[in-house]
């Protein structure tokens, strides 16, 4: 018995968009109590489908054809008023960004109670009570307090739970979840996924779950459809699709996923490229004449070494101090104590001018491929500014820039283009080229692949592996994605709340974690079981 | 508690700023050519050097500059704004006499412009690209571009002189003997034209700001959430969009409310409104140092007070502020 | 004659204070002239009339002045007025009143033989002395309030006490001053009007509107710009008069700096006189009011003569003179009087006139304080001004042309720096000459000499029409006009 | 779409640009059109507009050609507007940039300084400054610049702060570039669009300010400006409405044009923000 039946759905994009149709000729159905995962690359039309079902398409985007039967009616053609009556009542939706999806100026309880108000359920006094019950149901701590709290007082995971509470308020028959966990860290993600599974059990609702993470798919999906460029390229049960993909694209997607396979640890060369000793960094936030500042120990007495030619993975959940450590090494953050020794010099002790002279030794590849290149400078300038400042002759620097562009696989001629003319993955390669242009001894890659699609992620990882081999580079690879870390690194360091809790060869850390925190972290990796099963 | 502490620290900072401003103003005002003695002597139509010397001694202008400055600073530290020799009255009294008129005018203008501006901005944003929107934005642009004093002149010409509906100038009917409600009504009638002309410009400002802000907030994720709940558009607009969109408007309004106090010089001049803007302008012409300095200080204090009020309002609207710490 | 009613007048600008003994500027005189009184008033022929003094006598040698005071006069607070107040006043004004100080420099002593008599003994005969007793020149102040206090900061300055026909009620700063009828006034049946409201309206156009809409009944001279005068006088039931300024006879001219620059050359100054189209200014800028002057003395003032060299508008002549002098085109600065649009237009017209004959002019700008500062310190080439004549050349004219009156720091004397010892001697002699016929001869000669030297460029005998509703009767009865006129005024109901 | 294409598809902006160009042309050609200058008394005073050949807008209180005054007034308005804006930018941009870039005490000091100027009401401060310096084209321009820079400084500071947090600035630091180099070559160029938009609006505000000062009698008496014309005509507004109407309309039009251009620039420079807002 299908709750929703979509037939030949097409969604037209406005003129000037990257293609004519966001979604083309899609048909599928969802049965009651079923979780359907919709996967696919970024921009494949996943969100548009969801928005169309909710009647929330952005301006300029419109349904071009097809039907979507829900409860006996084509919800694509019913009037706006009817659609509004369905929304929140029989179909509910959760969005990707828990941080911005709640009204910052309204109390959580009120925002939940609003759903009842919208559909004229219960008396105003009861709504509060109902909201409280819902908050309990999604297992938010201290419900009495949460009802009165404002969104900013909640963590991302808590907000997402509040969103779910809202979506469940009127016991919808269909829940649409558009990447509800993408913005959360692994441990929180695991909790939310569990919550959704529980609720499905108890309420028996149908769930359309949009994601691009196959780990998540493995964890929760009953059935899967794979989308690409607005079309469905593959469909089937979770097991079928994951284990026996038919379409080329699905195969490539799956192949590109960093497997949970743990490579044997490689032997590491002897001479250290970087030595960190007793590093400390404390942030003081807020505070003023009459207020105590909030103190955050972002790095709390961390010591570690990276050998020449080694890739050290630094993992840990959000806020554990990974970025701060990386930035301290390149002195974008000045630590208050400790030493950072790069080929004999203590970077932490240098003054502004001395620092400028040795800075080239450690370079960084940044997380955001869009924000890390100056939009007004051609690639050539991005690649030559540094070397020229360092004293390399202009002509030589230009030549080198061309050569590096070849190395990262973009072609020498690309130096004359502007950043916006490249895709995200290509920009990330430019970022790598820029780091290499300085002839560094050590590269810090801070979430260098997190913003990228799985397929592109794989390319960049390959590139890094290749470069490391060719230039004997040391890399400090910061990530929160354990799978990625496992693929590339020789050793893994685990951070929690500013402390280094565990460090060791990949195989040891993964297969035999010592610290309890490492264990939780590993357990939270979505689709953990599936990854190992593939082995 | 946090609020009390915040206000206290703000006040302390404000006091320091005020003192610095007072000193700067002192230099500024004394840099102007001429002095109150010569002006006063000049107006008498006859003066001899003795008279001017007498006046200077009386005003303390025969003292070295640094002593005058030290005295002035000493005075304001004890909250004494000094004495207006020209008007023969303590400056504070003079200002207090004039302040109510200014406050009535500027606050009325302020509220009219704020309420109307926000209302129009909401109306325009609700019908983006439609005729209503074009009409409202067009009118706002026009008000925005019209010199205030010119609008004032034209308003007097039309409503007071041609149509005779409203008094063209003044604060109330002089010597009418009205009391209570009759007086209030009388003042209100006098208030309409100046408050409207003063308010037009700001109304345009608020309208544009509200419209832009509404449109921007309407793009945000939580609005989509609200839609997904099945809320009616009018509720979404009021409860979700407007409240968030008001934040920048409040900031701007706070800035301008402060400025309004001293910024009504033109309106007060054209409409013969006995406020402190005019007092400032006239005292400047007469080089009545203490009075100008007093007006400046009071209006600077007003700016600061309004800033603090703005912050408080902001805290009321936005729970995020002040609670993080 | 009818009693009662209320009169709204304009006062412009707002006076700095109402204590006439301390502040003597125009607006103060206009309001405080109803509160305070002098010993005498002057009719429109500038003949003395009784005020606080009901009779007076000048000895034949001009050395003794005896005044009999009115009886039963009370101060507004009920205290009796007596000769002691007059004696006190002479001391009070010595400290605070520049013009009084000048006139009294000729006085040997003052005494009060009894409560109702004042006798003044002179050092030398001084013809113009009899013209120095009106309220603005010598306001009688209350001894019981001021004796032994610091005059300037006396609290009572804000609630002035005089003997005049109206008493002070209220002053709402920036808005109006309210006076009311003095019920105990010593002249029976006077005054007639119950309430006076002096309204402060800073903008000239608004003042015109105020009159039009009936809010204001009297527009004193200068209250509105000239362009509105013609329009308002055309309205029904509106009267206007140019009377009431005879005592002051405001005389406008342009100081030409005699010390330096092109203006130090007499040929240049003459060229300026020929270049100016003074009739045009009178007709266009002043709307036909006033009279083109022939020289330093106003035609309304005693001892005037028109038998002097004439300077008609003659650009060709001006050009010739400039050529003769060898003017090299050095630009000259022109400082207008910051008293409103009329004066600004006037400066523009003058500039245009001068540029037409090849003199390049930069208009300087300054507000009242800046104007005072610049003229008092001789930092100008040409500067507008106008001064009162106070009925006698010795009082109002001489100060602008004699060498001893070259005093840096004050803009009310010989600012142009004119030095002519011959003329100086004649001024001195004329002032103490008791015989009026002889004085006339002497002043005629002075006028001829000065006009020949052109130390300044005389522009206009200013006429300030007073505009009022025709119901208001007897508004102006003296040569001092509104400043002491409301004693006799009444409103037809 | 290129910037220019986006700009010219905006009808309002195009209209504004057309007006501004017209005003500019008139201002430039003034000496050719009216060789006798704006002050020449050419005819009887108070000639009604459209009644006399050669004097389409009539004459003023002294018989001067109102049209000539308007055309010459355009020069002053535009000059004061442009120069004061440039001056305000010269003060505000470096101050805001340093404050935003270096943060800490530099920021604190700069912002206190800025706050200082914002605490005195704008127009009052302008009046006092002009009175002190004595009215002249230079002093008026300076006064307007002094009261207009604080918002620039705040805007630039905010922009620089946000740009400085971008990763490409960190990258430039790692490349060993000097602070000045980073600020001037990397950061500032990325803040220009909002500054340009603000500048176009500042020119408009400056024109209004100049006219207000002139109206209060604080204009340069040697120079014909629109505010001067209105101020001078105020006293005859009853008998000769056109004397204040035309210059008033000229101000409204010019300021309107600049505002439209400013909005057009805003839309064209920030295509994301505007997509919805534009009609």
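Labels for the chains are A, B, C and D, by order of writing; each one numbers its residues from 1.
What we mean here is this: contacts are C-beta pairs under 8 Å (C-beta built on N, C-alpha and C of every residue); 3 or more make two chains touch, one makes a residue touch a chain.
Since this is a predicted model, take the numbers as computed values, not measurements.
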When contacts are scored as defined above, which chain pair ends up with more C-beta pairs, B-C or A-D?
B-C
What is the distance, in whole Å, between the centres of subunit B and subunit C, each centre taken as the mean of its C-alpha atoms?
39
Could you grab the centroid distance between subunit A and subunit C? Build each centroid from C-alpha atoms only and quote it in angstrom.
87
As a quick test, compute the distance in whole Å between the mean CA positions of subunit A and subunit D.
47
Starting from the mean Cα coordinates of subunit C and subunit D, work out the distance between those two points in Å.
45
Among the residues of subunit B, which are close enough to touch at least two other chains?
32-33, 153, 161, 269, 284-285
Give me the residues of subunit C that touch two or more other chains.
203, 205, 209, 366-367, 370
Can you list every residue of subunit D that touches 2 or more other chains, as numbers and ranges?
131, 134, 234, 237-238, 276
Please list, in label order, each pair of chains that touches.
A-B, A-D, B-C, B-D, C-D
Which residues of subunit B touch subunit C in their complex?
32-36, 38-52, 54, 58, 83, 85-89, 94, 97-98, 101, 153, 156, 160-161, 164, 167-171, 174-175, 269-272, 274-275, 278-279, 282, 284-287
What residues on subunit C touch subunit D, complex-wise?
203-205, 208-209, 224-225, 227-228, 231, 284-285, 336, 338, 340-341, 344-345, 347-349, 351-352, 362-367, 370
Along subunit C, where are the residues that touch subunit B in the complex?
6, 8, 13-14, 16-17, 19, 23-26, 95-96, 98-99, 101-102, 152-153, 157-158, 172-176, 178, 195, 197, 199-203, 205-206, 209-210, 212-213, 215, 366-374, 376, 387-388, 399, 407, 409-413
Tell me, which parts of subunit B touch subunit A in their complex?
2, 5-6, 8-9, 12, 220-222, 224-232, 235, 239-240, 243-244, 317-320, 323-325
Name, in rising order, each residue of subunit D that touches subunit B in their complex.
112, 115-116, 118-124, 127-129, 131-132, 134, 204, 208, 211-212, 215-216, 227, 230, 234, 237-238, 241, 244, 248, 251-253, 255-256, 259-260, 273, 276-279
